[in-house]
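In the two complexes that follow, chain A is the common piece, with chain B as its partner first and chain C second.
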Partner chain A sequence: MSDLAIQTSGLTRYYADKCAVDQVSLGVPRGSVFALLGRNGSGKSTLIRMLLGLLEPTRGAATVLGEDCRRLSPATRGRIGYVAESHPLIDWMRVRDLESFQKSFYSPPQWNGRMFTAVVDHFGLPAKARAGKLSRGQRAGLSLALTLATRPELLVMDDPAMGLDPVARRTLLEAMILVTRNAGHTIFFSSHVLDDVERVADHLAIIDNSVLRVSASVEFFRTRVKRWQLSFAGTPPPLPLAKIPGLLAAHRDANELRLTIANPQPETPQVLASLGALSISELPLSLEDAVIAYLGERGEKPSLLQSTQLEGAAQ
Partner chain B sequence: MKAIIWKELRENAKWAVLMMLGLAAGFWACQANPDHVDRQLLVGTTMMMLTTLGFSAVGFALGLLQGLQDSGTGRWGFLTHRPISRSRVFFAKALAGVLLYLPATALPLAVTACWVAAPGHVAAPFEWHMVLPRLADLLGGLMWYFAGSLVALRRARWIGSRLMPAGMALVGSMAAFVLPMNFAEVILIIAAVLAILIPAAWGAFVSGGSYEPQPLVARIMTTLCVGIGIFCTFGAAAGMSQDMLRTLSRTEHFQDQARYEIAEDGRILIVKNGPDGSAQVTDLKGNPLPAKLAQSRPSSAAVSLEEFGPRNPDWRQYYWGFQRDTRYLRRCGTTGWTTWYYVVDRGTIEGFDTAHRQFIGSLGPNGFVPPGLHAQPFAELLYTVGSQGHGYNSRMVAAGATAAYQIDVEHKSVIELLDTGPADPILNGDVARDWSGVSTFVPFAIVVTPKTVHVFEDGKERFTVPKRHGMPDTTWLMVSRIADGRYVFEYESFTWGKECGWVVETDNQGQILHETQLPNLPMNISTDPWWTDAPMVVVYPPGILPARLWTLAKSDTDRVEHREVLAAMVIAVIAVLLTCWRLRRVPTSRAAKGWWLVLNALLGFPGLLLLLSLRQRVAAAACPACGQRRLVTGEKCEHCHAPFNAPAALGIEVFE
Partner chain C sequence: MDFAFTISAGTGSPIFKQIVDQVRLAVVTGRLSPGAQLPSVRTLAERLLVNPNTVAKAYSELAREGIIDSQQGRGVFIAPLRQIYTKAERARRIEPLLEALANEGIALGFTADELLEALRRKVAKINVPPPGRKIS
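And then the complex of A and B:
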């Protein structure tokens, strides 16, 4: 048995002439909590739908729990739990109807009724409520309850926290942590909420404009992205971008420059010193800041505060 | 699987009930129509239209609804990401759909049938097997159900080819209406169409609506369904355009028509109607005669000289087809408040009181029998009864293969006119219409066999004359009684572009007085300009040309014109070139490309539309190795076989 729950190789998907996922090759270790990050429209949902066989890849290959994603057998699908984006449910069904519906597809040892009840109670879902009448957070809870009760070996969630309030999000996180108590169970989820990723994920991947830029453990990722602050006597000079390899973002203030750099090399501090700064100091960088540096626009960019001050001065 | 069936039943039951109520309202309106008091609803045209269209609409709507409800990205994933195969999900949905469709359609039909069967509701005969044509419509609705499913599931543009698979159900419904002679044949036709539609709908479901990933059998069936839809749509559009162009072109090419008529005094007239409707009357030599001669007509009876019985293939489907009302009963006479029907399967003529909607008795060879007793059935199928739709009256001639009867429903009497025996079987018969306006008066009747024309007056044979030979089967014989009791037998043969024939005049004892050959009368059939055929180019399949050349090689009158041959060749070449151009951007094997080229050389432009509808164009990107545009679906460049390069690195990549 492979130690990867998901493995893709050059997985590509086009919608007409637009490339939504461009040759993504990644591996999701078994037992990991793997976060897939990217901006809206970067291709996260497309990638997840291809992995589950809901969408045909244009090119490339992927295996999920050792099976080709194009031909997932019913048995393998039974080992994969899927919480789709925006939590689609059958709106006219009541909570208990959905439980019966879902339960009927799984044999008794696999269906964990206690887990369903626990999650439903945790989210405070009345058994008689119709799915269509539930709030967004309640729908997420119900989707999760329906999925977790099937004891999935691999739990795939497409932006499960989208639109949830902080309390619902925290509950969702707790439920995810509950799953990882079982050794060998894997969670693969996409999200925009970096705080949540930092709390639960041990691996992450970043897709930027359909191209995979990062796939690593969170710890490894932290070691490969650094931020420096450069102080100048006056206005910082224009940046020679080509001379600073791996530059992700540069923020300019009155007489300071903050640079976020990926894969810093031993000579990087010397390169920065050549810019004529009075002082150079390495700043602590949170995972959230590091990821945002990837997802934002490359190169130099004034802060929004500075932009508004400049605009005010011009007027 | 049970859970999916239950979910589908719960989800769509409201729609099924709504459709059932709609159908019930339609059936109720049909029976409530006072004009239908003395019509047998179940085999009548109105009910037939209601069930054919209504059941098809219900089937199509249910299939469409069921498909669309789960076609959204989220719902489809929720439904199919389960530890059961997609095929099982599809068949569970389909089973639920059928379980909803059947009661929605069968209940209103069953209630209507029971209402019709109960005495006192409809003044017409009823037999339970009269429900079978409507049951055939009900089963035909299943074709529309799966067509609706396919339309909903197949991924295509609504303004493009999305609705095309409905063409398959349309063709199936038409075939099930026109072709079958019995219920088993209906089932066979419906089963054959379902054998195409179900795999196509199944393929669309398991592949998420895409064409390429479908199993081969599903792709073939989808191709058939869409192809037939394209031919139906564009054929209809081209036909309408052609009719419009022909109508426009004819305003300048009006040609008046000429015909022969017999005057009351026996003179043969040539009557020409001009564009303004005025009649020009001349004798055979072209001398002008007063127009009023053509307005007063002698009593006459007219029959076709071809065999009218079920053995004649030309009439077989039309009168004895399973879906035809004439297959079950024929309204053959009315007198005041009574209506009489010949009931085909019982072999008797049955009368009903239309005021009280009650059965009043039946007529057989042994005469009238009141209710409670059974009339003796006629030994043979009476295939010509009364005037065959030219009007109703109280007296008629009814003819079987060897015996003919004069039936008077007003006096409830049956007179056997003749029994010819199998050597000289009866072709046809008719009662003469009296143009003086006295509808119940029957001056005479005729019965025609291959050798003889029998003339009857007051139920007795007046005389016989030998039937004139050497006339085509399609000839019509019109027998007129003119002044002094003389008879004129006018044989008229219509061939393309002319009218000709013979006129035989006899005295009132059948002695031939003289015979006159009618010269050819040019009918001035206007020919349409060549450009009116232009719309048909859109749907002309060049592959049909060899078959047309072969069949028309034996024909004296029709032939394939040079411009058709030229058009077929040009269409085939253009279709092949456009297919080649399109296939450049379609990822498929060489063999499949070869098949498409052959298919489109045979099908022409509809084949090209089929290709456009089914095989989606895929993106192409410049190959960094050879510079040519390569399809993004292949792992390697189709020109230089170089693999795709990884996306350009920006130096920010972090891979562990």
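And then the complex of A and C:
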């Protein structure tokens, strides 16, 4: 048995002439909680749909639980749980109908009725309610219950936190921690809620504009992205960008530059010192800030706040 | 009474480090005494709502520093106080903090005597038991 639950190699997908996923190669360790991060439209859902055999790759390959994603057997599909984006459900069915419908696809020992009831109760779902009448949080709870009850060895969730209120999001987090009770069960999920990602994920990947930029343990990622603050007597000089390898983002104001740098080298502080700053200090960097540095435009850019400030000053 | 951890996501400090720092501080301030039991990895992960691997990493760091003992099947306990670093290693670890204190202190206009006095008061407040002494 491979120690990777998911492995992709050069996985690529075009829609007509537009590339949605560009040669993505990554490995998801078995037993990990793996977060897939990226902006809307960066290719996360396309990647997930290919892994589940719902979308044919244009090029490249992927194995999921050891099987080619283009030819997943029914038995292997039965070991994968999928919580789709925005929680599609059969709207005219009642909660209890959906339960018996889902249950009918699984062998009795695999179906965990207790888990279904526990999750449904936790989200406050009445058994008689029709799926179409549920709130967003309740829909999330129901699709989570339907999926967790199948004891998935691999749980794949496409932006499960989207549109959830803080209470429902907390319950989602609890459900994910619950899955980690089964050693060897893997969660692969996409999300924009980085505080929750920080709590629950031990690995992450960042996709930007269809391209995989990062795939690492969360801990390793955090040690490899650093931010420095440089203070100057007057206006900071223009940046010799080419001279600062790994520069992800630069923010400037009246007499300070803040530089976020990937893979800083031992000589990076000296390179920064050569810019002529009065003082240089390393700033603490949150996971969210590190991820945002990867997702923005390369190099120097004003924030919206600064752009509007400059305009105000010109008036 | 169980030791209360407080964890926040979204800060500059990784969660495993927050756990390590809180245990370390609680030990030197005497809020956690040798022999006190910490929750299991699983229990603490579910209490704090964090990945169990994160708690396991914090515990293994604490064990490596000699602050806790993990006893298979029995649980996780605060270890008897002992000095586990060599003199050189202790000097290496304190150096960057001294550097920062001196730089920042001078920049803020403190004299050396004022800094020493402030540090002395700080240490007196923490009231560290002498190294190697066992307390129960």
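Definition applied: the second predicted complex is superposed on the first by the 315 of 315 C-alpha atoms of A that agree within 3 Å, B and C clash if a C-alpha of one lies under 4 Å from a C-alpha of the other, contacts with A are read in each partner's own complex, and residues count from 1 in each chain.
Assume a contact is a pair of C-beta atoms (placed from the backbone, for glycine too) under 8 Å apart; a residue touches a chain by one contact, two chains touch by 3 or more.
No experiment lies behind these values; they were computed from the predicted model shown.
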{"item": "Which superposed partner A:245 touches (first chain B, second chain C, both, neither)", "value": "first"}
{"item": "First (chain B), second (chain C), both or neither touched by A:19", "value": "first"}
{"item": "First, second, both or neither for A:74, with chain B first and chain C second", "value": "first"}
{"item": "Which superposed partner A:174 touches (first chain B, second chain C, both, neither)", "value": "second"}
{"item": "Chain B/chain C common contact set on chain A", "value": "none"}
{"item": "Residue numbers on chain C that touch chain A, as the complex places them", "value": "9-16, 42, 45-46, 48-54, 57"}
{"item": "Residues of chain B touching chain A in the complex", "value": "2-3, 6-7, 10-11, 72-78, 80-85, 207-208, 210, 212-213, 618-619, 632-635, 644, 646-647, 650-656"}
{"item": "Of chain A, residues touching chain B in the complex", "value": "10, 12, 14, 16-19, 22-23, 49, 52, 54-56, 58-59, 70, 74-75, 77-78, 80, 82, 84-90, 92-93, 100-101, 104-106, 211, 213-217, 220-221, 224-225, 245-246, 248, 262-263, 294, 298"}
{"item": "Interfacial residue positions of chain A with respect to chain C in the complex", "value": "33, 170, 173-174, 177, 180-181, 194-196, 198-202, 218-219, 222, 283-288"}
